[in-house]
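Note that subunit A is present in both complexes that follow, paired respectively with subunit B and with subunit C.
And now, the complex of A and B:
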């Protein structure tokens, strides 16, 4: 009756590979059901045009959620996402050709925007690890700092991005696929590789699983925790730049709403908030569910105010379902 | 051949004024198996933590191959060729066996921060092959049984063999406490194989095992080393006496204190109890003052049964009656309310609330004796807590100490006090109450069980060993694959033999 028996008797090696990548079938099935439902309920859902807009909507959320996955695997949390996105979007726009100042750094501005995110991640990690402040508290603070910096840079009016080749990244498409989505796929691929093949990726699981054991093994866990936060910050930076590309401006509120949806996407995909379980591949499924849900609800004419409530309901349901099999056992729920 | 590979000289360690190690010296020679025994709190764990680089000593020195060394981290110790198999299992359950074996020391398995899975798994396979284990390197640890995990720990410790330039020293801290039968033999075979190229420090509570495998045995007591004996000049009785400081064994289980329960009223009546995929049609009656022992191997369903009796897991059919009244037992809350207590096997996780004081833990389940209305009577609680600390001989600086700082045996005493302090207690379910405890602490636990019975409390016991089950129980149920195979009457003077029980177990 041991669990190893159950695992070894599971049929099909390929099925298990899929499971390892995208988690157990639940979220994937939910995604398929949602797509089928909206395809039937709305004549415009399953069209090329809507497919392209779905991809665009998905791409920024996906990048944020992928980044967030790395710290949630640790059992930590990063609430600074929206502030980081705001700061990086403004740093990026103000360094690229814009209607506020004379700078025109082109692609270097993109890098500066992304690095802004990395720096925030570094700050988050260092404060969390060395001052031993819980990560949600640290990042709540740094998020506010991010908003503050963004507000100063904002200076009363949103600076507009004037660099045409960069703007094309935000609006253009390649072979029918939005360029933003291509960026997201590249980020996804890199994240999958980092998670599977690098120390920071693998140790993240181990730290989330049992930090004490890692310490006893002589692993410098602080280093890998900080690195994980840097990964998350970098992803938020990329997302901030992507949002600026999409909207054509740098804005304080550019990351508004992404924190909640990103956490929902990660948890919905099947990454446990306690750490140690989950992964980037699962987050893809979670983010896709959120995007399809939001898009589909609009298409079938649901009141936008109700949509937020529906999303809230979905996250509570998702957490309940992922923990369903454990429900009967006595355990501490914090 | 007698050259010393590891020596400890005058080692001293204090924790906030409490001396844990006092002037400890010992040596390990080439290809030698050194036994290390001592009661809980004798200083073994502290010594091992110093050897593995977790603690720094306050005085004295460690010499490796005659050279003074200092281990600042666990990595330093491993690099010096000291491999540890920890007592509390130290595997990360959420990642694979291969990753666990080389955690932090992947060597060729990781190049430039990038994992080479094929190589890492081959390396892990080589370690697992050493102990002839069929466990797959890519299996997740959470899918393994306790015994399998212990084998992974051993494989992990063996990996220092390739890492260090000197012959390794392998430290086995209580490796046998979760192993049984064949697995135990595999371990001993391994130790015999290891000693051809390594030295071994073997820490165990099972004195017969220590004697069987060790060339020399060091005895620790209260932070000091009290004796060294060669294998051929000592027996278990003497070791026990040296370690505990009192005469022993005959009265170990306090069998003389076992009272007859004939004619006592039935407390708990279980009829036709079944839980889907765990056990089927289990029936028994527990009288006041009776110990019902349940024997069975892992997967026999006895663990699930014990949890069901405490309301921690649901059952699918059958009835549980207390004093002739049916119990729904949907949760531990209801169990505690009617006076059923549970002492879990996973002490560290489920038994004590770490981070809370000894006193808070004692009154966790039932604060009624130290409450006035809804309020805690602080003075009374303090006095009662002190009484329990004294009565159960809990070794703690004071009642306000965080229970996490206590040794395993003393934590278990706190768990016992938690239930004993409740006047409502009618039935106590003991799930491996002596796991990982030393002889002295075990004896204390046995004494408590006798006292409980004398108070008329019924006990359901899942013991660590068959001897324990037989000695403590009045009635024994033997389970296999979720079904009760045999029942034995085990009243004083009518005890079955271990072999009788084994028949129904496998």
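And now, the complex of A and C:
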């Protein structure tokens, strides 16, 4: 929604710059079409109240998907997202003021939760690069470890977050904008900067495009691969903490469903699973499409029994139509 | 309880040797005389009391085990707890391990999945023990088709309690206004039963309007998003939130908090998870009610039933089909009775259900 405003209202914006940031226009057009359709079909879609709930629903998915973009650009995959979110949410809640123990570390607990994610990312990267195990196998395993650790910490019932100022980050808003969305925007900005101006961001494309060329140029690609996994893990850690802030508990199932939705968001935005093409800006578009679709279908009253099927259908259509020009490059399995 | 479990394993090792000689004979003779209730009990003196649950680390099964202990205390015996940690293979091998002890046992078990039930009840039949199963069994397999050693199967129908708990929500709303319903996974049996219960309550309350129903797949996270969207869609018309389980109700409550509506709009759920019980007790956020199967009852009455069959107090072959496969009563938990569900019942309170394990039959499972 905000993206369409940006396109139409910002004067003198170079169209190519937008394209470079948000993709070749296809997904963006799909998003605009969906927003236009739902605005016409439902009187509540384009309201302040629904705008704020759209932003909240977008925030956590966006953070997860942004992180995932970094490894997908490498041509790798991170399937540990849900396990990492589970662990980091529990580490965070158990270190902040909670109803299980006397800990009350405040903001330090947030950092501990996020760092839990970074550690998982480091583990993923090191195992993948040095043991030469395919990334989806490594991360499938570490994801299970994450769920396991979370189950032990969970101990039969969800610990509740009792720190009111932290809780306010989860459901409070600032000038009508949910605080969670503000966190997501900060993460997005940092990710855009990392992708644009750092080596790990720029080399990622080259590694995903052709690893051998990079190796022959004398670049220590292993280092940048591990760093990319750390970025993804950190984003999952942030998402786990955000989910705990939002729900007020640490929970083993807190990341449930985010993995598949995040992969969909990344691919829908136009990042190729084979690596080398894409970016976090495009992921924003992909995540927005999914969020708008889930919200809009409920608003226009589509029967819940067929909603999932309709969602799938629209996603397939969107990918087919918008990715037509890319159809040779997005194929992960030939 | 874990010590007892380890003790069981060690004891099993020692007894395995003697079982080779005595046990084999006992097993074969027990299956010969399986139609004679308590046949094996007199020969070895005491009936071993055994609970089969998933894990003591979740409050539901911990309460179930506590109920079993209350029954054990009532007849002055210890109860062995077998916890399978959600592993069907482990569950079956633990049950088969009981047979090796050569002692008649009464087992009250929560099979992991429907497909595990048959293997468990057949293993118990072969061993000459007596078993009561709860929750899961294949629809076309009934205790009377297998043996008298499978004493009974107990489950719960969400329709009746669904109507009752919906009524509690409507009463809190003053019998008027719109509600939104958050469903479980749409093709799950409890999800269907609970929603049918809601619809029955809606028919009896013409002042209540169901504005919308959406699924959140039993998930707290999804329920939060769905509730937010439905609040945006229906605005002030939403006067109550119905959720098919407590997890989703708690997610919906977070959405209400974010919208500044917590405490203004009543919420109900099912399952009686600890956090929901605390919300009901505090009353602060108008979490009006939930539904409990009463895990203490499941532990005590189920074990009592298996024991009565094993000791000969009940003649299994004379029980009706309704007594051998029944839906048991569930309880709607509100502020009035919430304290009963936060801690174990007293020995006197549960004695009624120990004496008559059939007291809570609602209907036969057909």
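Quick note on the criterion: the second predicted complex is superposed on the first by the 294 of 334 C-alpha atoms of A that agree within 3 Å, B and C clash if a C-alpha of one lies under 4 Å from a C-alpha of the other, contacts with A are read in each partner's own complex, and residues count from 1 in each chain.
Here is the rule we go by: a contact is a pair of C-beta atoms (placed from the backbone, for glycine too) under 8 Å apart; a residue touches a chain by one contact, two chains touch by 3 or more.
The shown structure was predicted, so the numbers you read here are calculated from the model rather than taken from an experiment.
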{"item": "Which of subunit B and subunit C A:156 touches, first, second, both or neither", "value": "second"}
{"item": "First, second, both or neither for A:49, with subunit B first and subunit C second", "value": "second"}
{"item": "Touching partner for A:206 - first (subunit B), second (subunit C), both, neither", "value": "first"}
{"item": "Which superposed partner A:105 touches (first subunit B, second subunit C, both, neither)", "value": "neither"}
{"item": "Touching partner for A:192 - first (subunit B), second (subunit C), both, neither", "value": "neither"}
{"item": "Partner chain(s) touched by A:217 [first = subunit B, second = subunit C, both, neither]", "value": "first"}
{"item": "Partner chain(s) touched by A:276 [first = subunit B, second = subunit C, both, neither]", "value": "first"}
{"item": "On subunit A, positions contacted by subunit B and by subunit C", "value": "none"}
{"item": "Sites on subunit B touched by subunit A in the complex", "value": "52-54, 73-78, 86, 90-95, 99, 103-105, 110, 113-115, 117, 139-140, 142-145, 148, 277-278, 298-299, 307, 312-314, 331-332, 350"}
{"item": "Subunit A residues touching subunit B - in the complex, by the definition given at the top", "value": "1-4, 7, 196-200, 202, 205-206, 208-210, 212-219, 276-277, 328-330"}
{"item": "Contact set on subunit A toward subunit C in their complex", "value": "42, 44, 47, 49-50, 53, 56-57, 155-158, 160, 170-171, 178, 243, 246-249, 251, 253-254, 256-257, 294-295, 298-299, 301, 304-305, 307"}
{"item": "Subunit C residues touching subunit A - in the complex, by the definition given at the top", "value": "55, 57-59, 62, 183, 186, 212-215, 217, 219-222, 224-226, 228-233, 235, 250-251, 254, 257-258, 273-275"}
